[in-house]
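Chains here go by letter, A, B, C, D, E and F, matching the order in which they are written, and residues are numbered from 1 within each.
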Amino acid sequence: MEKMKKIEVIIESIYVNRLLELFKESDVTGYTIIRGIEGYGSHGLKTADEANDLLSNDYIFTLCKEEKFNKMIERIRSFINRYGGKCIISDTQVLLSLKESKYL
Amino acid sequence: MEKMKKIEVIIESIYVNRLLELFKESDVTGYTIIRGIEGYGSHGLKTADEANDLLSNDYIFTLCKEEKFNKMIERIRSFINRYGGKCIISDTQVLLSLKESKYL
Amino acid sequence: MEKMKKIEVIIESIYVNRLLELFKESDVTGYTIIRGIEGYGSHGLKTADEANDLLSNDYIFTLCKEEKFNKMIERIRSFINRYGGKCIISDTQVLLSLKESKYL
Amino acid sequence: MNIDLILQNILNPPILFFLLGMLAVFFKSELTIPQPLPKLFSLYLLIAIGLHGGYELSHSGINTYIFTALFLAILMAIIVPIYSYFILRIKLDSYNAIAIAATYGSISAVTFITGVTYLQTIGVEYGGYMVAGMALMESPAIVVGLVFAALFSKDSADKDNSQDKKKTDWKEIFREAFLNPSVFLLVGALIIGIVTGQKGWDSMEPLFGTLFKGMLAFFLLDMGLIAAKRIYELKKVGLFLIIFAIAMPIFNASVGILLGYFFELTKGDTLLLALLSGSASYIAVPAAMRLSVPEANPGLYLPLSLAVTFPFNISLGIPLYYYFITILWG
Amino acid sequence: MNIDLILQNILNPPILFFLLGMLAVFFKSELTIPQPLPKLFSLYLLIAIGLHGGYELSHSGINTYIFTALFLAILMAIIVPIYSYFILRIKLDSYNAIAIAATYGSISAVTFITGVTYLQTIGVEYGGYMVAGMALMESPAIVVGLVFAALFSKDSADKDNSQDKKKTDWKEIFREAFLNPSVFLLVGALIIGIVTGQKGWDSMEPLFGTLFKGMLAFFLLDMGLIAAKRIYELKKVGLFLIIFAIAMPIFNASVGILLGYFFELTKGDTLLLALLSGSASYIAVPAAMRLSVPEANPGLYLPLSLAVTFPFNISLGIPLYYYFITILWG
Amino acid sequence: MNIDLILQNILNPPILFFLLGMLAVFFKSELTIPQPLPKLFSLYLLIAIGLHGGYELSHSGINTYIFTALFLAILMAIIVPIYSYFILRIKLDSYNAIAIAATYGSISAVTFITGVTYLQTIGVEYGGYMVAGMALMESPAIVVGLVFAALFSKDSADKDNSQDKKKTDWKEIFREAFLNPSVFLLVGALIIGIVTGQKGWDSMEPLFGTLFKGMLAFFLLDMGLIAAKRIYELKKVGLFLIIFAIAMPIFNASVGILLGYFFELTKGDTLLLALLSGSASYIAVPAAMRLSVPEANPGLYLPLSLAVTFPFNISLGIPLYYYFITILWG
């Protein structure tokens, strides 16, 4: 098991590609997405039942080591300043497969 | 970054409006919902593929400061006693946008 | 409130039944599933929009006490070695309903 | 009873697709029809039923005969949950008796249209106004259930000391009774059908008329999957309730048939009245009961309605009730 | 103005289903049409419109008249967002003025086909090439919006010091303008319709022709739900913009009608040109604006387009514009 | 080879929608058809194919000719995965050779119905019993794959010391072979079609017959999106396998054609036999292989089947195989 940060982001679906680009540029090795979710926050109610990506959220999380996280955090902060959304950071343990123990 | 509690609740979809009311009465400023999920627990199997909200769960979480959480916890407990479901509480850090740093 | 481990697993949808079997054999008392989610990792991109369960992930989590977790962990590790996927472990507090306080 | 009557009903693609869905579960095939596809089918069926019923009403207008039929429909919808409650109290606590009584007091739209398909197959006339009857039969059982809940389970209100909660509930439950999606959409489409008449129907028929039986078959495939999955829960339900779930529909249908006979309804209309009386709700009422009587166990009323009464009615019930009718009418 | 014109439009099932959807929200019925069902309907409608338009173009070919009609369509699509921007700047900042101007400069496909349905109801001819006109009118407003964003809101680019970001945006926004799913699918289906001609249409007509009005009704039920939900946001929008959301379509449609009159389009084609000019986008343009002008508030442009302009156009706008046309044409 | 044969195939709306889907991906348009819409289309197509095949079988009955055709179908389904395996072993390890061989040994229903559409376009007769042939051809390759896995990759079983796991697998894999949703639904619908005959088909035809080509076009639009996305993975696949993915179908189809010739099948039936032999599974078999041979890389067998063989077969393969047939038959 490896200690890692779990970075969860909830943003308007329309901005998800831009966030994934940010992840890519930060050398993130993996992520998980749950699309078309709902929510309420400072930008109002997202109901996810519209013919429109502006009214629906996506939920993305990525796991990474503390160092990588420290490098990303400012970029995520300015992303959220510009596009809205929430970012939640928590401490987790990740169970690695044999192969991955080498990768990460 | 701000230390906050993440309160996750899994309940039968049919009760989600009542939970949101509880949130509202507790002055929760935001929440996120993932609808139509499946699960197994003391109330049996929820398969989410039925023409029926009783057999499907919703997953809701809200982030709030410790004080607000302490005020809510008894209401959530009695909600779960009445309607079933699970409530998970964990410690997280939330990255705030410039604007929100004032709000919360 | 009860201290528990939250074990989150992300795997190819096609293997979810096998994981649930593993859970059953480990006497897990409950779990939650979010199906058809997307992700990227060492096994490439899962887009969840295909007529095919191989290209989509499921997200499952279960809450259990530390002892049960310790018994399961090696089985999950060998599961992930064989079938891929990610397993995230974190510490949480679970709010129990009156009834359950007896069960668990 | 003539075996032909049964075969004429069962050897129709919709019923066979229902059986196919059940077989898929029994054989553990991984066939699934994920949400929101079942939702699409049920929206479609409700709109189609409503529009067509409205269209026929726009032709027939309202007369004493139709008025009588609709009156009988409401009558059945009120008395069935009342006497069901007292029968159920023999073995069950108040909460569960209320929930099950309300479930059986209301109706199942898919059972209704399977009956309509059967009448078309055997070439027996029926009236489009029976759709209005169906719409009128959905809500009364919910109201009866709520009144009984207020009368017979007051204690629960005391335990839970949040009084304001109780007040909001009433509004919410009223909405569940009269504005739940099924009733709302059915009545809405019915009115649109009446208002737009022949011209409206001409433009809607290709989708909501011609394709109807195919969509019913598709939907029943899904219902087969759903019903079969619930069968595994029946072992927890107990013999009394399983017998109830077959005997009660037959009894209710018989009452409907007798009423139809005495008030001189046609054979087709009587079958539909009987079927509505004998059918049990598995969407609207369970939802309303879950909200208003959370103490009742949905592990009882759902499997009974879905896995026993529904399959029984659409396979054997329909020809059985029609057999009763042919005997009475001579 | 003749009340009959309005009734002829409103007493059609599709419009009535739209009203039913709105009522569902006002009465707090829990009727929902969850994703991806709305997506299914909109994919269907785009393909159907494109195929049928292409099929008709394969018959008519291109001539000077059609060329004129298409030219007028593009003209309107360029000038509307330009003058709208300057009107909006009276009260709004640059960002919001750009986003709203672009929204109103583009078109709504569902408004268009509701107009087509109206013309069929009252038996007035129109040309299938107007579908090509519609396709041509989607993108210009996005381009105008982007040029204005570059001209009038440079400051924002400075604040955000990630210069490379700005470059990629242009490519992304170009894609949004010309390759967004609506434009892409519509144009693609149009070309397939042209290429496969009569034979192609014969094989596609049962799904994409015959069922069209039923599917439109189904989709408008959902649009009613969506529009009504947004109405609650209008209180934050302010009177100026609400007036804008009704006056602007009437004005734009009138300009379209005058152009149609002077360039001698037929009455049917002119109505469609007017309607396209008067309609506002609620999918493609809002998406493009959200990406390129994140500073603009979608809480303004979305409710205006969805909850004011769209309902107005399909209920009163269509007969009103047609009334103008009957006056001019005499 | 006559270019007309190709154009007759390609200039059909379904194939053009497939190309449109591919273009959407290449042009990076954000057109998507989210789940469960693709699922809806594939359920529809399976039911439609099954019902129609069953309906035709209810007319034709079983005779020696049909028996021969079905026998040849099974024969091809058994020998193709066997010889494919040995060809693939030249370059690949046992696991991947098994998975790919099984994939190519089974069939693709959408390829089959595209072929049926082609025959209708060019006016050539074929037998509805070929649907039964298709159903019979789905499973054998899975069984062959499993037997090979047991024979040639025993070592893996040892590594994993959970013996009981291995036992349950067999049951699960048997289910995958004979009760996977595709086979189950197809065979179920086929039987329903046979049992309900003319009368059943009459009631189902509006949905499952008349709309078929439109639904196929809709589904192929999605398949275009899916296939094109996988093309980007082909660079990791290597030239040997890409050549395999085109040469193998041609070879398998040719074997099918020769068998059809010697056993005196009609031209139409032979084309369908060839197409089934040449097509590769992209749903049922990959799923079964992923479960039973997790060591094989789905990044190989999925892109090959989806992004090479499927597009090749429905665009060039069909007319090519038909060209071979016209040469042989003279």
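By definition in this document, a contact is a pair of C-beta atoms (placed from the backbone, for glycine too) under 8 Å apart; a residue touches a chain by one contact, two chains touch by 3 or more.
No experiment lies behind these values; they were computed from the predicted model shown.
Should one ask which of D-E and A-E has more C-beta pairs in contact, the pair is D-E.
The distance from the centre of chain C to the centre of chain F, with each centre set as the mean of the Cα atoms, comes to 34 Å. Between chain C and chain D the centroid-to-centroid distance comes to 39 Å (mean Cα coordinates, whole Å).
Our note on geometry: chain A versus chain C, Cα centroid distance of 20 Å, whole angstroms.
Centre-to-centre separation of chain A and chain D, using mean CA positions: 46 Å.
Across the assembly, chain E contributes 32-36, 39-40, 211 as residues in contact with two or more other chains. The multi-chain contact residues of chain C, meaning those touching 2 or more other chains, are 34, 48, 90. Remark: the chains found to touch one another pair up as A-B, A-C, A-E, B-C, B-D, C-F, D-E, D-F, E-F.
On chain F, the positions that touch chain D within their shared complex are 35-36, 39-40, 43-44, 47, 51, 175, 179-181, 184-185, 188-189, 192, 195-196, 200, 203-204, 206-208, 211.
Partner chain C is touched in their complex by these residues of chain A: 1, 6, 29-35, 63, 90-95, 97-100, 103.
On the side of chain D, the complex with chain B involves touching residues 32-35, 38-39, 42, 160, 162, 168, 222, 225-226, 229, 233, 282-283, 286-287, 290-291, 294, 298-299, 302. Residue ranges of chain C in contact with chain F, taken from their complex: 12, 14-15, 21, 36, 43-44, 47-56, 78, 82-83. Those residues of chain D lying in contact with chain F across their complex are 11-13, 16-17, 20, 23-24, 27-37, 40, 210-211, 213-215, 217-218, 221.
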